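What follows is a set of structures to go through.
The following pair of complexes shares a single chain, chain A, combined with chain B in the former and chain C in the latter.
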Partner chain A sequence: MAIPLIYNVRSIQGRFSSTLVALFSIAGVVAVLIAMLAMASGFKKTLVASGSAHNAIILRGGATSEMESSLELEQIKIIGDDPRIARDSAGRPLYSAEVVVIAALPLRSSGTDANVQIRGVSQDALAIRDTVKLLKGRFFTPGLAEIVIGKHAQETYSGFDLGKNIHFGGRDWSIVGVFDAGGSAFDSESWCDANVLNQAYKRPENLFQSMTARLTAPAALQDLKNAVSTDPRLTVGVKSEIAYYEEQSVMITTLINVLGFLVAGVMGIGAIFGALNTMYAAVSSRYREIATLRAIGFRGSQVVLSFMLESLIIAFLGGLLGALIILPINGYTASTINWQTFSHMSFAFAVTPDILIQGLLFSLILGFFGGFFPALRAARRPIAPALRGL
Partner chain B sequence: MTNNLHAQDALIAVKNIHKNYQRGSETIEVLRDVNLNIHKGEFVAFMGPSGSGKTTLLNLLGGLDVPTSGHIFIDGEDIAGMSAKKLTTWRSRHVGFIFQMYNLIPVMTAFQNVELPLLLTRLSKSERRRHVEAALAIVGLADRMSHYPRQLSGGQEQRVAIARAIVTDPTFLLCDEPTGDLDRKSANEILDLLTRLVQEHAKTVLMVTHDPLAANRAGTRFHLEKGVLAVNSKGEAP
Partner chain C sequence: MKYLPLLLANLGRKKMRTILTIGSFTVALFLFGLLGVIDMSFNQGVEVAGVDRLIVRNKTSLIMPLPIAYKERLGQIQGVKDVTFASWFGGVYQEPKNFFPQFAIDVDTYRGMFPEFIIPDQQWEDFARDRQGCIVGRKTLERFNWKIGDRIPIQATIYRGLWDFTIRGVYDAKREADDTTQFWFHFNYLNERTPFPKDYVGWYTVRIHDPDNAGPVAKAVDERFANSSFETTTETEKAFMAGFVKQFGNIKLIILSVGSVVMFTLLLITGGNMSLSIRERINEIAVLKAIGFGPVRVLGLVLAESIGYAVIGGFLGLSLCKLFTLSGDPTNGLLPVFFLSHETVLYGIGITLLVGLVSGSIPALVAMRLNIVDAMRRV
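The block that comes next holds the complex of A and B.
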């Protein structure tokens, strides 16, 4: 049987003040790591929430984002006629042909310009995106320079108030409504008539960047893909809207995750030294106890295990503390540049159970490295002199 | 009796032990050709000035160190050639240690301290409890089981240490200055207890001490002088 765990637990209690250094340094590292991972997770969650399993997004063949895609009205109509596209009560296909532009508008917080994403949509945009609801005002009137703004865009940009005019694309636009997109990336956008937006930016008529279509059922996606790929008139790619937004999130979430582990790794080295210091102190103050255990018959490996456990307990407590400290960040809304569209996007930090587990596992890794060498020293010290406190 | 004629009956037979330490290029001879026989149920004291090799001899007998040359037969088994791993297991079965500074684990109760050696056995929890209670009863501390070392006097701490040493019923007890940190009254109580363990429980006790009063309690006394074992108190060659 191993050296009883109670020995380690009570030893930690007995020298708790000296344990605090290791505990807090590990807590700090874990808190930073969880914050970074929660940022990446929140960003991804926001983008993925923009997609619906019922919708397909159609881009030019080979295009990876709306920004590099173009679709002619003719192609959009051909796809709209496909029986896999859902119809409204009047039998019209439910889709939105869309264009996206970036406008530089002043931030409320600093007054400096930042990029806002303006999406030109069709009248059916609300019908196909059932998570988007009008909070205030009304939807824009087709053919007019009217705009509806997302709730985060309203909070972020100066002059984004219902009833006011904003100026971009060489003309004034009346804000006629505010919508809530359920925490998705659309909350950071503003929507207007796609044709009016094309005119304002002097883009060719009947040329759009993407088409978002409501499917009769999520399972119809594959059939639509097959039909589109065999139609010689079409050179487009079809994706599930969720898959599309997931792909859009990959680059930045990977970057944040890598950065998170890099920062936590560098900080972790410092924390390991804190843990090493604590554990070396623990070992050197207990040489006589360790030697006694060894004399009684406990093996060196049992001593190593015992001190490793002690280090892991301290690290786990530090990790738990770090997780508790950073937990309130869950749901905190921040904004960053979406590198796919170069526009501001608001998102909420998402501290998920997975992230908490990763944080705690990271703390255990720190505890392992912080405890290993002191534990080895504890087990390797000659017994006879240590018994006499030498 | 401890003489070579009875070596075959001896519980502990030390043959031509040498122990050297290396300090830089200098070799220090701590024990020189030590021979010794100890029988079951003997109470043996080792005396001698500081640096005479008493503790080194005790460490060798306890399997805490290995001799440079020679043999140590304990219950017929030569421990001089054992690996460190084997010695660890051997110690847990055959030796009960009693130290000058008691060496109790301060964060554990008297019960938990005494139970420690039993954790290395296959005894069940209830069997361990029975053994611990019996050991603490023998040393007169049955009512102090849940006390921590800091809540006990020096004499009581040493009695807990003795309970820890006897709880596995080892082949022999090794006492390194067991009364060195105690006042005379407590020292006498500990010596009474050790004597009782020998007389009533047939334990074999080997004790290193500076204290002649303590040494007088032992049936056999050896004197070490510069690493050489002198004749014992009975005038016999060791």
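The block that comes next holds the complex of A and C.
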């Protein structure tokens, strides 16, 4: 028979204050770990949310990001004629030929310049990206220096207000609309006419960087890939939009994950020391009790099990507490520069069930290491002297 | 010194607690060092920026080029001493995760502009003679086990095709904070093969005669090119780098602030532990006093013990951190410098002594003022 659980519960009650210290230190570690993971996953989620399974993005062969790519209008038209590209009611192919540049504009917060991503798009850009909705104002008029801004861009850069003018690329642009891209990376962008943007940035006419096309069905991607790779007129790469945006998040998520795990790992060791201290104190103040348990017939292994259980319960409660404390961070908006696009991007922390489970597992690991050695010591103690002692 | 055996005996009486206290102190100081390292690697560009250098970039943004003809015109501006330029290449060696920065540089002027980078004269001459030659920073060279004379194929991402380079030299840096991950090659080679319009460069670096004059010179540069089709923004190298760091935004702040909170908590707990272990022995201290130790001596003994804990833990923590940084950047090239600076070590030592002193001072004062009779009665 195992030692009843109620024994552990009562003994936790008995040493309430020292248990609290261990519990809180584990809660802190778990909270930090979850926060770090949520930051990385939020960053990734923001980029991945920018893609749709229904869309394919076409870049020049070998280019890893839109920034590096270039496509001629001719190539875009050939791809547009492919039967795998969806049509609108008038029978025209649904795609947007795009130009992506950055403009250095002052931040509202510090007044220093940050790189805002400016996307020159075609008229169909909104039809292709169904997550992007106009919040205020209207879409830009083709051929005019008009611009619509993402809702995060509006919050981030000074002078980004509906009806105002902003200056970049040697000309003034009037802000005619604000759009909401549902928390994706587009929210940090501003969109205007691709041809006008090409002129402003003194780029050759009819040269674009990427093409985003609506597929007839997500499964049509592979067919489109095959068709494009066998066409000798084309030197392009086709990717699902989701895969593309996932790749764009790799560098920063690696950075956050590595640094996050490092800091949380070091903290974890600190918390194990804290837990060890608590459990050793628990064990040494209860030698007599333990000896009594042994004397009335519980085996050493059962004592070990009981103490481990106690430590795991404390750790798990700590982990739970940490998770609860940090949960409100879900949705908190932060921003950073994405090295792969070279531009500033806002993103929201995402606490996913996965991350919560990882946090709780981590707390159990802490509890295991914090409880194991003290439990061993408790069980190894000879019975007779312990009973006689004190 | 003659009390050393007594101190050691005290440290050894509850071995487990001693180990744990020193251990958590080690962790705290390790974390402190790590945060210093992370902060340093984010701020690296700002730390090493030359005070007498300005960066001139296209006003619209850094990805927009400037004409090569500006070199001449920049040189004529009052207060400007030297001018050099470079372009970002953005190529990939084997696979994208092998990231390191590549710059196409002006061979005639680049070396003179950045005296912090050291290259043997012979190697530089070899490089200057070979149009496809390149100079590689020590860290990148070692990371890929390259040696001088190797041919390195780099897949262009912005410029097209596969580009072959031959390593002609390796550069080292004078300071630890300098970035030795860069890869330099001839601008002329880039200019020849570029699929884009020729004779455009990424940015200019300008050395000025008087660092105090940076503001007026920067203004003069921007005014010189105002209303041209390539307007410029000029700022000190420091401001330029700080701009990058600011764009990292919350990430850096979040990691550093979280880490700091944790470190302080750890220090508090450790401090608490140390005072606890002294308070437990209050009757022993009374015995010491009873056999003739004066109050100052008792104070010294107790303080020495808590500082002893701190110093051992601090030393271990900082040494471990140093060892950790020696194994290199854990993110695979995303952080070009990753080292424990002397400053961080000094601050770490300061914190160690402070915590040792503070956590020991309360029990030490108690011990000093202790009334022997009261303490003995408590037993």
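We take it that the second predicted complex is superposed on the first by the 389 of 390 C-alpha atoms of A that agree within 3 Å, B and C clash if a C-alpha of one lies under 4 Å from a C-alpha of the other, contacts with A are read in each partner's own complex, and residues count from 1 in each chain.
Basically, a residue touches a chain if its C-beta (ideal position, glycine included) is under 8 Å from a C-beta of that chain, and two chains touch if they have at least 3 such contacts.
Quantities reported herein were computed from a predicted structural model and do not represent experimental measurements.
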Quick one: chain B or chain C, who's touching more of chain A? C
A:139 in the overlay: touching chain B, chain C, both, or neither? Say first, second, both or neither. neither
First (chain B), second (chain C), both or neither: which does A:369 touch? neither
Just to be sure I read the superposition right, which of the two partners does A:342 touch: chain B = first, chain C = second, or both, or neither? second
Touching A:10 in the superposition: chain B (first), chain C (second), both, neither? first
For A:296, is the partner it touches chain B (first), chain C (second), both, or none of the two (neither)? first
Figure out whether A:288 sits in contact with chain B (first) or chain C (second), or with both, or with neither. first
Chain B versus chain C as contact partner of A:32, first or second or both or neither: second
Common ground on chain A, meaning residues reached by chain C in one complex and by chain B in the other: none
For the complex, which residues does chain B have touching chain A? 55, 59, 62, 64-65, 84-85, 88-89, 91-93, 95, 97, 99-101, 103, 105-108, 112, 116-117, 119-120, 164, 176
Residues of chain C that touch chain A when the two form their complex: 16-17, 20, 23-24, 27-28, 30-31, 34-35, 38, 59-64, 90, 92, 96-97, 99, 155-158, 160, 229, 231, 233, 242-244, 246-251, 254-255, 258-259, 262, 265-266, 269, 273, 330-332, 334-335
Complex contact set, residues of chain A against chain B: 1-4, 6-7, 10-11, 13-14, 288-289, 291-300, 383-384, 387-389
In the complex, chain A residues that touch chain C: 21, 25, 28-29, 32, 35-36, 39, 60, 62-65, 67-68, 101-104, 107, 110, 112-115, 168-170, 201-202, 250-252, 254-256, 258-260, 262-263, 266-267, 269-270, 273-274, 276-277, 280, 334-337, 339, 342, 344
